[in-house]
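Going by the order they are written in, the chains are A, B, C, D and E; count residues from 1 in each one.
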């Protein structure tokens, strides 16, 4: 569950003013909006990577506005991928589990699971520095979901993926959501992805978030997610 | 004009074996293929950034296989954007003109033109470090085309652009091609982009390049480019 | 306006650029090599073997190696947090009191150059002066003129050099990977250990190298603060000094050559070991 | 298996980590500050004003500033190509003769530590010995015991420190931006000047700082190679040494304090100027 | 310090005097079992160490004046005992063929020669003896370089290449293999090497005992003479402890 209330962020000349949004558990929401609308800024603020000037952020009914990023337990896929360059792909995937001191066995199994779902098993021992764009993106996704966070923020997770992989990654993300009941906020520019992944679509434009009428309908109709939502009435 | 003959590149465990392809002047060709197929590797080899183990590369009927990158005069948009972090956006755009000692006036005008076409006029005095993903991508495109190269290699130039901007960038790229008669090789994963931009679509798969039948038809039918191609019968 | 420069100039320009660089840099490398050759030519095998057989020199060698290693380790350990805090602190420019903060940083920064700027003997004198006063005077008896003084004297200068090197390194490294580590649940400490430090590896190696080399070559502060007592606080630079004072240039150069050989062996070995670990 | 750590420990752990770092690093900063205070306390206004009024000290001040600046500039100019070639050369691992290449690098690398490892007096002696032989002997009369000797003696050591710092910096910087510059038509030289060097700015600043500071504090090599002729080759560290020889501790510390003040002023000023240019 | 053990003595010793003093300390240890710890350094540096550390028993600088004069004046050192003496000479590079009979000839010859800074003993004595003769200014002005210690100066003449001569101690000249030339202008420049007992000495009796040994004509002084210093006369060794 993510709730953002009247969030204000200043980033140089750019500012987000009084942005509010709300995600139920298990809900998958797509955030769209033109380049430079502040989508990444918003996600980073939710992660705790941006100083916010006003407003509050609640995750699972806990006010985390002043918490450090680590306390928020968010699975975050940055737009710029930002893999850990000094670790192998395996260690990148395992990072969130290692810092939680997850037992060796569980950890290895979980890494294998994620790698299989994202089709990066063959890359596990490689260094991230020479991965192709699409490979790197998948590792970033795997790193964010391996520790099974309850809140997942994905900043253009499908950018640079080929068609076949895109399908598989969508399936993997959906499976992850089913398994953990996480609330997922995606950023994408691709209406197709929005249609496919979203229970709801939000638009960020001139600093304001609003429902996208086009997608609310199709998203609600085109998926079997509504019932599940009902099971978790906030 | 780009001609690649029997190109071999080794990159760790990955290798491109005997890749050949050919682009006429003014031709716009889209290169597709799964993640990790070697598209970026191929583009970098054409740019002169990879040591090639066999084969040759010809640009405008000149064998550039042993030339340094600067002598090839290719407009290259890297997949990882790689803007010059220590310069303003304006200086990024002007870089290719500056190193060619283009007169101040021409340079300024050209930068303005490109910035307008790509809708980044407002960013000109900014540092690249805080640009949004889509903004940065557009700057990278502008930097590559500002000096009006005769050969342009674009590695996923539209990734991360919002829909409206994507249209405008496509128009700008098309205008550039009209104006300079450049041969353009795009990499993309998006069939829509392929359809829209390509005279022809090539597929790179398991180290081999082949025509994509689906797109050859649609590309030829759906555009008015065939006549222009005919005017330059190589 | 397609601008197409002709091809050949490019390649030859690139060559002459690299050549110019190689000449400029090579001149210095050759100068150093010639200095070493000059030293070698001015000593002789007899002096060298006398040096190696002398128990005083052996003791000094052992003490030099041990103290320089201790001092370098200490330097890196202490310089790392300083350099990290300085480099990361300055990024938080949106501070509430930017002026005061900037002034504090400038002051600390200037202070950190003091051990490099101070003439060597004065570093030793300053330490002596310091150890006349509490709380240092409480342990003065176990430090001044004793082995801990050797390490401390070396450390004071070496650490300042390590800070400079590491700070440049940390400033070069972006915060992005650290940020992602934080979102993944790492505490700042964990992010620092697992993400930041591995990225800083070349800088850490350079800092360790430079502080070790400086420590082993350190003379002035050691002479004043630890004294030059044979078989107790005599390190190799002290041996060299004493030989020079006794008019034994061959002996002094023999010990210097020994130092060069030792240092080269240690540094190359460390590098090779470090490299092979890296190459995995 | 959603793992959700409770909140409070995170923040307090982060705090204690930063605190631990601040304490570890702060200890050194405080130590240096105390050394400066100790020096200040052991001198007096009379000695200070005597130092400032003495024409010899004034001359030494001017010579120190000028020679250190020359030496630092020269160091950065020479160290940059060395560091660049070393850091970029090693990346081309797909070389035809990797073994030979690696050995050559290791040798140059070890050589570059020699001026840091050598005890100060030996650096001076080595230079003296070198200048007895052609081709150096041809210009010996204009160098040895003259002002060029001051600069050369400072440069030999300062440059080695600059190389270490810059090399760590260059290794930290990826080749990507340089590569893109090449595709845009830049020669390697142009790419180096316009793309590489600006990225290396923190390292260049650190290298300049450290070599300037080291040059102004340099004593042993200057003493031997340039002598301590008053009003000719006397620099501030020599003045300090002479005061110490004369048993005038207050005077020696007064000159030292002067040096610290000068160096701090210069370094802070440079930094402020540099920063403001950067802040655009 | 352990009271009953053979006491350990700490002696601050000018680095230039190391060869002689080290030998003496060794034989003293052999004869009495007392361990003598020698701390070497430039005399002025040692003086500073003594003042700042308030430790040690004896101070043996490169020359009595000015070091022991100063320290005696402020009470840092009490009794001062002469051990040997040396005189200033012109040291010529071993390879040099120059024929020099006086300081004036040296100045006129155009040979590059060096002096010691007057803060060091050798410079101090040179000035003190040449100033009354009205020669100091000319000597200083015609010199090529001034070095802060006499050993670096001698080293420079022997190996350095540029200096051909220098005003140095006779003992130093011999030690560094220079041709030592007595000149009339410097005939009065004789410096005593003396040892002073420090105020900080914990066991004055032990300190005086070693001083006696150092000064004994058949012990310490003999060694100094063997190291090219001139003697100052005195008594043979009689252990005061017996």
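Definition applied: contacts are C-beta pairs under 8 Å (C-beta built on N, C-alpha and C of every residue); 3 or more make two chains touch, one makes a residue touch a chain.
Going by UniProt, the chains are A, B = Maltose/maltodextrin import ATP-binding protein MalK; C, D = Sulfate transport system permease protein CysW.
Computed from a predicted model, the values in this text were never measured in an experiment.
If subunit C is disregarded, contact among the remaining chains keeps them all in one piece. Chains that touch both subunit A and subunit D are the following: B, C. For subunit A, the chain whose average C-alpha position is most distant is E.
For A-D, the equivalent interface within A-C, B-C or B-D is the one where over half of the contact pairs agree by residue number, namely B-C.
Between subunit D and subunit E the centroid-to-centroid distance comes to 37 Å (mean Cα coordinates, whole Å).
Subunit B and subunit C have Cα centroids separated by 47 Å. Remark: subunit A and subunit B have CA centroids separated by 31 Å (rounded to whole angstrom).
Per-chain CA centroids place subunit A at a distance of 80 Å from subunit E. Of all residues in subunit C, those touching 2 or more other chains are 3, 5, 10, 14, 42, 121, 125, 129, 185, 187-188, 241, 244, 249, listed in ascending order.
Counting only residues that touch two or more partner chains, subunit A has 68, 70, 73, 80, 100, 147. Multi-chain contact residues of subunit E, defined as those touching 2 or more other chains: 45, 48, 52, 152, 155, 159.
Working note: touching chain pairs come out as A-B, A-C, A-D, B-C, B-D, C-D, C-E, D-E. Interface residues of subunit E facing subunit D in the complex, by the touch rule stated above, are 42-45, 47-48, 51-52, 66-67, 70-71, 114, 117, 119-120, 143-149, 152, 155-156, 159-163.
Contact residues on subunit B toward subunit C in their complex (touch as defined above): 62, 64, 67-68, 70-71, 73, 100, 102, 106, 147-150, 180, 182.
Touching subunit E in their complex are the following residues of subunit C: 42, 121, 125, 128-129, 132, 144-145, 223-224, 227-230, 232, 238, 241-242, 244-247, 249.
Contact residues of subunit D toward subunit B in the complex are 94, 176-177, 179-188, 190, 194-195, 198-199, 201. Those residues of subunit A lying in contact with subunit C across their complex are 47-49, 51, 68-70, 72-76, 78, 80, 82-87, 95-96, 99-100, 143-144, 147.
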